[in-house]
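Written out below as structure tokens is the structure these notes cover.
All chains are identified by letter, namely A, B, C, D, E, F, G and H, in their written order; residue positions are counted from 1 within each chain.
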Amino acid sequence: MSKEKKVIFSEEKCKGCQLCTTVCPVKIISMSERINSHGYHPAEVKDQEACLACGQCAIICPDVVIKVMKPE
Amino acid sequence: MKEVAGKPAALTDKPFHYCPGCTHGIIHRLTAEVIDELGIREETIGIAPVGCSVLAYEYFDCDMHEASHGRAPAVATGVKRVHPDKVVFTYQGDGDLASIGTAEIVHAANRGENITTIFVNNAIYGMTGGQMAPTTLIDQKTKTSPAGRSRELTGSPLKISEMLSVLDGVTYLERVSVHDTKHIIKAKKAIKKAFEIQLAGKGFAMVEVLSTCPTNWGMTPIEAMKWLEENMIPIYKPGVLKDIEDGE
Amino acid sequence: MGEKVLMKGNEAIAEAAVKAGCRYFFGYPITPQNEIPAYLSWRLPEVGGVFLQAESEVAASNMVYGAAGAGARVLTSSSSPGISLKAEGISYIAGAELPAVIVNMMRGGPGLGGIQPAQSDYFQATKGMAHGDFHLLVLAPSSVQEAVDLTIDAFALADKYRNPVMLLADGMIGQMMEPVEFTREIDPETLPDKPWATNGAKGREKNIINSLALDPAELEKHNLKLKAKYDQMKEEEVRFASKGLDDAETVIVAYGTAARIAASAIELARQVGYKVGLIRPITLFPFPEEIINQTADKVANFLTIEMSTGQMIEDVRLAVNGKKPVHFYGRTGGMIPSPEEIFEQIKIIGGAKE
Amino acid sequence: MVKEDIIFAGFGGQGVMLMGRLLAYAGMKEDRHVSWMPSYGPEMRGGTANCTVIVSDKEIPSPLTSKADIVVAMNLPSLLKFLDKVKPGGKLFINTSLIEEDVARDDIEVIEVNANDIALEVGEGRVANMVMLGALINKVGIVKMDTIKSSLSDVLSKRNHDLLEVNKQALDNGAKLV
Amino acid sequence: MGEKVLMKGNEAIAEAAVKAGCRYFFGYPITPQNEIPAYLSWRLPEVGGVFLQAESEVAASNMVYGAAGAGARVLTSSSSPGISLKAEGISYIAGAELPAVIVNMMRGGPGLGGIQPAQSDYFQATKGMAHGDFHLLVLAPSSVQEAVDLTIDAFALADKYRNPVMLLADGMIGQMMEPVEFTREIDPETLPDKPWATNGAKGREKNIINSLALDPAELEKHNLKLKAKYDQMKEEEVRFASKGLDDAETVIVAYGTAARIAASAIELARQVGYKVGLIRPITLFPFPEEIINQTADKVANFLTIEMSTGQMIEDVRLAVNGKKPVHFYGRTGGMIPSPEEIFEQIKIIGGAKE
Amino acid sequence: MKEVAGKPAALTDKPFHYCPGCTHGIIHRLTAEVIDELGIREETIGIAPVGCSVLAYEYFDCDMHEASHGRAPAVATGVKRVHPDKVVFTYQGDGDLASIGTAEIVHAANRGENITTIFVNNAIYGMTGGQMAPTTLIDQKTKTSPAGRSRELTGSPLKISEMLSVLDGVTYLERVSVHDTKHIIKAKKAIKKAFEIQLAGKGFAMVEVLSTCPTNWGMTPIEAMKWLEENMIPIYKPGVLKDIEDGE
Amino acid sequence: MSKEKKVIFSEEKCKGCQLCTTVCPVKIISMSERINSHGYHPAEVKDQEACLACGQCAIICPDVVIKVMKPE
Amino acid sequence: MVKEDIIFAGFGGQGVMLMGRLLAYAGMKEDRHVSWMPSYGPEMRGGTANCTVIVSDKEIPSPLTSKADIVVAMNLPSLLKFLDKVKPGGKLFINTSLIEEDVARDDIEVIEVNANDIALEVGEGRVANMVMLGALINKVGIVKMDTIKSSLSDVLSKRNHDLLEVNKQALDNGAKLV
């Protein structure tokens, strides 16, 4: 298992729309308690290891918040 | 590590000004990804509409021309006739394309203008705060149809893609949606094809993308996706409306 | 080149555009300017250009907007009602600071009006063309040769200022034939590059053609930038012709067709001793204020002649600034004033002679 | 100063516009100031067509004229419309092939030309206009007949160049009439 | 009726139209006037009227043209770019002599510009709206209550002159809330009959609504008839408000929002001894020339304040006619001048005080 | 003696200004006959276009409103909404309806505006002297397509009736011709039906009438009739394009 | 046979387009030598008796020139 | 002359427009001159919303203000945007439930109101605006609290009338804070 994050959120860009949470096959995305400078609770993945790097979240994210990396 | 998803190069770093969960952002990204994949960023001139995507010129990292409301196809015609070797696309809302700009899209399409049109149908005027669009559904409440759209007074949802597909100049016309990832992936394929047709010099290609407007629909983004699926899809059936190559 | 040919004003303007290196025309038919698109429909393809009849004037002006943004020398032409439809697009062209040339071959109005020559779009051309703080540079030929020369200049001026330029004439200038000479010809290939144009962001930052500025401070800055251009035009581009100002007691101010006829009237008047001069504005914006203001110190009064109920007279009065009376005589709706009628006015103003 | 204001009028199709253009063109070739101004607009539809030609030694102020030195009326409606436009002492050419009426003015000189008949003699009914122009030039001499003839090939559209000779013949025959 | 309510300018205008007996609205959305259609979309059906969102401004103005010809009291509203698109239609309405009311809630321009308040469509409204010799009657409210009153008057004036009337305001007037009272209400059933309207030629000669006149003499006659109406407006309809003219040394001329702010500035100035007065044109066409001209005999100078780079100043200068200097201060693009800025200008013009 | 043919009462005595053999005159007469037969002259408001038939207001002996170029459907909408109980028709050329007025006809049709439209397609701009129309045929020479209309540069003849018939608001749409008496009689039937539909409050009805322009086609009237038959009919096939009553 | 004309041409309105001549089943319409005041040779029917009162000519006439009467 | 210029600012959704309207409405009921001017346009989208209310004994010249007597900042971006707008000696109300930062001016009076927390105490997070308004009225007294309360039913849209009591409670609880 890689030490690097598989799914990276540009938190400042996140608008807390929650769409990503609906598509994750392993339901690991949740909304953070934090508020970013635009006043939104950003999405986050705490359990990076569970991520399948399937990209679904990035596909539906309207704000290009999410980068997904797959170990090669 | 390989990046399987991220920001396409054809998008600038500027954060979108769209409301939370607005699918304009998805459609921007898909378009940019297609531009990247086709390697045409430096050959492409995009025409931004007047609508919520009015600032599209800040997001696409290619030459951009801001049109007046509804006239993107005319502006695109001007650009394309000067640079027939370049790639020109318009990105238009339903108010822009299906209402004020009806004549311009009909005639650009009929001329077979060799351009690509991304038509974002969210069944409402987003930018101006949620007025009725020609594509608004029957009984849908908007700022200017507060009792719900009445068929008797304002007619039925305008099926402009069906209408345009009758025209000889239209080479390819597909309706897609972005309400879930499966449809998003399909939408991208369609957008890609619409650009490829232009690159091959084959004439007018358009993709209608069903899109949400959580703000003016008065819903959460998740509800909006569902509303699109349950209410728009039955009226605006996704699918290829015209594909000359398929002999259709 | 250099040989005299007999041409209709409209055709001469069309050819002049080609000579100016213009290779793109977008327009929509309307009388009395139809010879311009008709001519260019065969002439432009001949020189590798594009003639496209748009679906409407609205579309035409937006095609011009697109082509101008793409870096082309581009022309559109219309007549009064068609120009009104182009208004929004013209405002965008001005707002986005693009060069383009627009011909208005005026006819009588308002509404559908008539198709005979008139000058009742002066206000529209020089002031309220559309929403927002902007001006066109407006050129008013009074002969076919001048129409040719000004058309060629129009493209250069449009490029110089990145601003739309209007050639404002009337059905008479468009329809009449006079001998013309084409002494200049510009190869579009030799024109300076337009680094701001949308032609693909190859090896450079992307270009944006735009007139939107949501931040008022930014828009104000833009407005002031535009204003500075108009002020520069006022400094550098004023053109007029004058005649008999040395000894004139009455000075007629008239442009275009009206000025030709006024010149006839002046001849009649001088024959019987009325000292009448003529100031013929060639640029309507910028307006030749200074010469009029200076002349006001020397003459007794002014007479403005227009084929309208009185529009340019406001600019004349602004220039005269109360120094002397400014009279008015106009015909409208396609009626052309005769030299005799104008002479009558001169007599009324100048008092009994002989 | 020599300045002639001439109005040519007739049915659309009688070639009155061409007569005018030819005269103006010849004037230009002789380095005179010239202008040609057509009537325009939907009234052309079946109605009368007319043009005003001015040939002058000086700059031409207005290409229109309130009183013409010469009016050429190729048919009756044109005569009725333009009779009053002939200035006192001016000349009126009428095409007697189509106009039987008498002219109700005695302060002008009336020149009668049976243009269509003569044209038919030349074997081409369509050149009545040239017959009339020939008569006009011979009578008034605004420009030289040679200049008119040498202008023909420039003014006639290419597809009518086979009619060049007939036109010249018509000009000559017209000239002979007056 | 008669009770004070707190309303947005746009909504108040919409309600005022209903109170004026207007039952038809055709328009197209645009910021900052969207509350007008939104309000009427439920309010008109309530009173048996018709609200229809047109496919475009071009269509909207032609629907208005049709409804006005059919004899209705009819309203349309838009903001700057939308008004430009309505230009041709408005010229037809004026040419065919039809009554209609048009609201322009101005925003910054040119082109797409911005959406914040501006006054840069003054030229368009008062002079060059479109082709041909015509004028709108232009009313410029400076408060929500005045917007209501002028809207009701607008319909009456439109009917009186059979001429389109424009209510010219800016985003601020449209967006702000102030208390308003509706003291008049007109039942459309009680309005005088329009015998010229196209409502079916039952038992009468047919009616024709038209602006075409192919015969120039006829069109000229029509133009002169229109001009006579405009002259009558100049006689009968001039409105303005003034303040402090008795002892003023400097007089500010400003309308609408700019006038409110100028009033603040005048208070500041008077506190420290500058004698400043205000003339606030309420009708922009006809323009209150006479009062300005008369005032010019008594005061030292004028200061025109506009939210533009300077448009009304031309009318002020025409009225002053060289008698006194006319200064200008403007902000544009959605920037609102502050009372302090204007006060600064007063100081510059008026010299040191205290 | 019984009059079997003559001037209908709904026409004034004014002679038409049309060129010799121009079929605008036939279409005027048919429309007037229908108005007579339905007895609606005093209830009818006609909207004249800008085009050769601009003076139609002088010929029809009913209330008439002159529209601006292309906007007759919008003007008609304004009139009809004020007088829903009256009969409103537009009479429009192909430049008027299918070019500049595209948006207006599309939206009036889609709203199901209860009006009747007579669309006179002569494949050219008659009034302005013979420029290309959207309906001009491929290779047809006009003032602005002097080498013949090029499909590549300007697209195909615009089949606007086919396009409009896709719209839900259209109740009845038929294409007819007036190139011979048999077709003229059929044309009248279609026009009558289009008015009857309005009288029944059933929505938007339009009749496209193929028409000649001898002057700008450069033909005699007889040649023009033949040219219409031989060249236009194959492209613009007469027939019912839509008839909701027929369940079509 | 009736003495009244069956087919009546408003000669001044005729523009000489000849369309009527092409549809008459009995080919009795011809163009007159006369010129009306608008300069057109109007159509005429000399042999009124041959007229069938079929109305074809009136149906195609673009200028409402022709009135057709049928004996009752 | 009494004239108060007040700016209310916060996120769209925090009800800042309503606070302003309620104050203006109450002012109107007390026969004062009032104006309410919103920010408008696409910046609303997710950004800050704000309105300016003026209550005065005289006619109100401009409905906007360059320097406000009072600024109400319901969140941090609003505070940053409007801090400079408070005139020296003026008052700044900040919603400390969402703003932790210190205010970097000492020429103004800062009133801290933990509006969201108090609102939650009332059992309805959405009425933070009324908590703040209650504090404001109690502190500054531009209009009477009773007028505010009696205006509520006119200003609140009908579908929120079930919240009338909660709103009043919030106003009272806010008032108690200062």
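By definition in this document, a contact is a pair of C-beta atoms (placed from the backbone, for glycine too) under 8 Å apart; a residue touches a chain by one contact, two chains touch by 3 or more.
This one's a predicted model, so the numbers in the text were calculated from it and none came from an experiment.
Novice: Trace the shortest chain of touching neighbours from chain B to chain D and give its length in steps.
Specialist: The distance in steps between these two chains is 2.
Novice: Name the chain pair with more contacting C-beta pairs, choosing from A-H and C-D.
Specialist: The comparison resolves to C-D.
Novice: For chain A and chain G, let me know how many angstrom lie between their CA-based centres, rounded off.
Specialist: 86
Novice: Please compute the C-alpha centroid of chain A, do the same for chain F, then give the distance between them in whole Å.
Specialist: Distance between chain centres: 60 Å.
Novice: Using Cα averages as centroids, what's the distance between chain A and chain D in whole Å?
Specialist: About 87 Å, centre to centre.
Novice: Per the centroid of Cα atoms for each chain, what is the distance between chain D and chain E, given in Å?
Specialist: 55
Novice: Can you list every residue of chain D that touches 2 or more other chains, as numbers and ranges?
Specialist: 41-42, 46
Novice: Any chance you could list the residues of chain B touching two or more other chains?
Specialist: 18-20, 54, 66, 68, 99-100, 102-103, 106-107, 127, 134, 153-154
Novice: Chain A: which residues touch two or more other chains?
Specialist: In chain A, residues 15 touch at least two other chains, as defined above.
Novice: Across the complex, what residues on chain B touch chain A?
Specialist: Within the complex, chain B touches chain A at residues 1-7, 11, 15-16, 18-26, 29, 180-181, 184-185, 214, 220-222, 225.
Novice: Which residues of chain E touch chain H in their complex?
Specialist: Interface residues on chain E, with respect to chain H: 4, 6, 31-32, 115-116, 171-172, 175-179, 257, 260-261, 263-264, 267, 336, 338-340.
Novice: Any idea which chain A residues touch chain B in the complex?
Specialist: Spelled out, the residues of chain A in touch with chain B are 2, 4, 12-13, 15-19, 22-23, 40, 53, 55-56, 58-64, 66-72.
Novice: Provide the residue numbers of chain C that touch chain E in the complex, in ascending order.
Specialist: 58, 80-81, 83-85, 87-88, 91-96, 106, 108-116, 118, 120-134, 210-224, 226-227, 308-309, 311, 314, 317-318, 320-323, 331-335
Novice: What residues on chain E touch chain F, complex-wise?
Specialist: Checking each residue of chain E against chain F gives 24, 26, 50, 52, 54-56, 58-60, 62-72, 74, 88-89, 92, 96, 198-203, 206-212.
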